[in-house]
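Same chain, two partners: subunit A is paired with subunit B first, then with subunit C.
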Partner chain A sequence: MIVADLSPGDLQARLRTGLYLRTGPFVSCITSSEPLLAEGIALHYAEHAVETEFADFHVRIARPRNLRRWYRPQVRFYFDDAPSFHPLPADQAFPMLEWGLNWCVTNQAHRYLIIHAAVLQRQGKSLILPAPPGSGKSTLCAGLAHSGWRLLSDELALIDPDTGRVVPVPRPVSLKNRSIEILKAFAPQAVFNPTVSDTIKGDVAHMRAPPDALLRAEESAAPGWIVMPHFEAGAAPQLVEITRARGMMALIENAFNFDLHGRRGFDTLGDFVDQCRCYRYSYGSLADAIDGCNRLADAA
Partner chain B sequence: MRQDLLRHALNDIDLAVHLPLRDWDLLLRQARSADLLARLATLIERAGKLADVAPQPRAHLESALVLAEAQGTAVRREVEHVRLAVNSLGIDLVLLKGGAYLMAGLPASQGRLFSDLDILVPQDRLAEVEATLMLNGWATTHHDPYDQRYYRRWMHELPPMLHIRRMTVLDVHHAIVPATASLKPSSAALLAAARPLPDQLGLRVLAPADMVLHSATHLFYNEEFSHGLRDMSDLDLLLRHFMQEGDFWPGLISRAHELGLNRPLYYCLRYCKRLFATPIPESLLAEAGTHGTTARLMDKLWLRVLGSLHPSARDIGSAAAGQLLYLRAHWHRMPPWLLAYHLCMKSLRPGPRSEGTP
Partner chain C sequence: MSLAEAWRISSNLELACRDWDEDEVVVFSQRLGHSLLLSAASARVLDLLATAAPQTLTQAELVERLLPLCAEGTPTGDIQSLLDVTLPEFYRIGLAEPWINSN
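Moving on to the complex of A and B:
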């Protein structure tokens, strides 16, 4: 069964007792009575499988038991009944779920080496975009996902130490501020939920993962390219190859749990980067950026 | 059974390994909330049965093993930093609890997670130790004057110290119970009996009996027992290990008498046997204490609280039991007038932020 098989009423009923939702290798049991959350899930997770028996993470989005339940209502994120993060305005219920699920993965899935990076794939090879917030990583990721690249994740590169491959976690792509309009203009076919204003990250909207991302959600990707994106308004595109050592440092600097994996983590990442070519890429427009990535793939 | 799944799993690894997915869904949550996921994972791994676990829960066990291994490495490194600082004063570093189990290579260190490092120093050297630690990068926390006074006048430890670069937390104790507590075990006696570790110069841990008595006292006279089942599991593993030394049991009883820690030992032995079937001789239990009305009430409270750490097993009764034990712990920590003063101060002042990330 997938989410789209449930009527809005059924989905809400499931959410009240816990919806076991599959996203890539993880199943999250989500409990909430927030209507906005149900709408967000119906829109973004329509094609995702609904499971029954086992969840990796049990999360709940609920109103606090105080005045803020009614007065300028807030919601809280609970990980297995323990409140986490500060409360947010109730209209941010869906972004909060997304941030919370990322937090679950980065805090609980240490079986993988987890790197803060967008991952896409073409011709069997992965393109990893490790970068701090503000570098244009998500915008580029969303653009590529609508330009013939398969989306693995916009936030989390999961490297499996057993196989040395990247495991997909296809979920909606989070876009902020001006990126939202840029993407809507670039890919009119992309599906967005209504923009939520005034979040801690500014205006936020989520773009639904394209269909092939979900169809191939169990297909891992081999090492390919590591590209450190850097958006600079009006700049001419400049793709500079850097050493593998520098590429590896970029992954380590953006890793969530490299420090936990010790020697094995170092070897895993070293082997991975050995099979990649690494670049630093400055660009001034989304079209330029996508063009540069396509040329990398075509040259391979 | 479902309420008690975690304890059953720890007691019977074969049962755990073959649980259906639906039960693993609950077991993982119970284990995580009791801080016992890594221990469960280690027990399964050492039994060579990790591969028998279904892949979905196995991923979480593997994750917990990665975390526990990394913490072990980090704590070893941290111990070395603290040892160098303390040894520079000509004092051996005496480790307590998790740090001691780890450095002594005890089974109780297997899959044990850490939030801080605990050490014991002679009270008359406390000021020197604190100054040296500060010179080496540790800074005090709890800058509120009331909290500082609370620790320094009434507690058995300095306010937790935070290393400004490594962000590690160090608890410097000069006793194992607060200065104001009804129990008064002699710190000098504990330090005098502390044992050097083979091949590790300048490093000591408490003698086996003292290690058990400290862990028991810490659990049964503390107001915070969210790690209650983890601490009981530690005690079970300590007892099973030390009982291999022939005269451990009689020595344990006489040491408890010497230090005035009969009561915590009695609860420790009684609940280890009840919860983990630790092979403790019946005669020893009788020798450790009598089971009167108070003890029967304590049974009800402790077993309720220790068995209901996860929301899946919590009800009004367990909440009430937790409240009563919380009050009892404070009652034992300080005389009534001081308790009234302290609770009053705490209720009037904004407390520390305990939330944020779980």
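Moving on to the complex of A and C:
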């Protein structure tokens, strides 16, 4: 069964007792009575499997039991029934779920080496985009996902130490501020939920993962390219090959749990980078950025 | 640091290294728990200290061992300058330590 098989009423009923939602290798048991959350899940997770038992993460989005239940209502994220973040306005329930699920993966899924990076795939190889917030990573990721690249994740590169391959976690792509309109203009076919304003990250909208990403959600990807993106308005595109050593350091510096993996993590990343070419990429427009990534894939 | 001073690698670093025949190398220490990007030249210094352990090496001995690994005609002054920068940096980050014979 997938989420789209559930009527809106059935989905809300499941959410009240716990919806077992599969996203890539993980199952999250999500409990909530928030209507906006149900709408967001129906829109973004329509093609995702609904499981019946066993969850990696048990999360709940609920209104705190205080006066704010009635006055400018807020929601709170609970992990294993423990409140985990500051409350946010109730209209931010869906972004909160997304941020919370990212938090669950980065704090719990330590069988993988977890890198803060977008991942896409073409020509059988993965393109890793490790970068800090504000570098344009998610914008480029969303654009590539609508330009013939398969989306594996916009936020978390999961490297399996057993196989040395990247495991997909295709979920909605989080876009902020000007990126929202840029993507809507670039990919009119892309599906977005209504923009949520005044979040801690500014205006936020989520773009649904393209169908290909969901159809191939169990297909891991081989190492290919590590590209450190840097958006600078108006800049001419500049794709510079860097040493593999710098590529490896970029992965290490953007890893959430490298220290937990120790020597095995070092060897896993070293073997991964062995099979990659590494670049630093400055660009001033989304079209330029996509063109540069396409040239990498075409030359492979 | 004087040429008479000897250096040794810190104990139990459990070093691992990734080298792709480039100008830079990534070194990992299980004990320190972090990775470092080193120039290939600095990585050679670290490798000499690791190979010599538990013995110490003076700066003069390091210069002598590095010279054949450098491009022909490299002035010894350049190698000494490298050591003057690299060894204190290794000490600062816990990779190596000076050893002074008090006898």
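Quick note on the criterion: the second predicted complex is superposed on the first by the 300 of 300 C-alpha atoms of A that agree within 3 Å, B and C clash if a C-alpha of one lies under 4 Å from a C-alpha of the other, contacts with A are read in each partner's own complex, and residues count from 1 in each chain.
Criterion: a contact is a pair of C-beta atoms (placed from the backbone, for glycine too) under 8 Å apart; a residue touches a chain by one contact, two chains touch by 3 or more.
Nothing here was measured: the structure is a model prediction, and the numbers come from that model.
Peer 1: Following superposition onto subunit A, is the placement of subunit B relative to subunit C best described as a clash or a fit?
Peer 2: Here subunit B and subunit C can both sit on subunit A without a clash.
Peer 1: In the overlay, answer first, second, both or neither for which of subunit B and subunit C A:H58 touches.
Peer 2: In the superposition, A:H58 touches subunit B alone.
Peer 1: Between subunit C and subunit B, which one touches more residues of subunit A when both complexes sit on the common chain A?
Peer 2: If we count touched residues of subunit A for both partners, the winner is B.
Peer 1: So, does A:T243 touch the first partner subunit B, the second partner subunit C, both, or neither?
Peer 2: In the superposition, A:T243 touches subunit C alone.
Peer 1: What is the contact status of A:A109 with respect to subunit B (first) and subunit C (second): first, second, both, or neither?
Peer 2: After superposing on A, A:A109 lies in contact with subunit B but is clear of subunit C.
Peer 1: Thinking of the overlay built on chain A, is A:F85 touched by subunit B (first), by subunit C (second), by both, or by neither?
Peer 2: Only subunit B is touched by A:F85; subunit C is not.
Peer 1: Which partner does A:Q275 contact after superposing on A: first (subunit B), second (subunit C), both, neither?
Peer 2: Touch status of A:Q275: no partner.
Peer 1: Could you look at A:I252 and tell me whether it touches subunit B, subunit C, both or neither (first, second, both, neither)?
Peer 2: Second partner only.
Peer 1: For A:G262, is the partner it touches subunit B (first), subunit C (second), both, or none of the two (neither)?
Peer 2: Both partners, subunit B and subunit C.
Peer 1: Quick check: superposed on A, how many Å separate the nearest Cα atoms of subunit B and subunit C?
Peer 2: 7
Peer 1: Which subunit A residues are contacted by subunit C in one complex and by subunit B in the other?
Peer 2: 259, 262
Peer 1: Tell me, which parts of subunit C touch subunit A in their complex?
Peer 2: Listed in rising order, the residues of subunit C that touch subunit A are 14, 16, 18-20, 22-26, 28, 30, 33-35, 37.
Peer 1: Inside the complex, what are the residues of subunit B that reach subunit A?
Peer 2: Checking each residue of subunit B against subunit A gives 20-22, 24-25, 29, 32-33, 56-57, 59-60, 62-64, 66-67, 69-70, 73, 311, 355-358.
Peer 1: Under the stated contact criterion, what part of subunit A meets subunit B in this complex?
Peer 2: Residues in contact with subunit B: 25, 27, 29, 53-56, 58, 79-86, 108-111, 257, 259-262.
Peer 1: With touch defined as at the start, can you tell me which subunit A residues reach subunit C in the complex?
Peer 2: 243-246, 248-249, 252, 258-259, 262-263, 266-267, 270, 273-274
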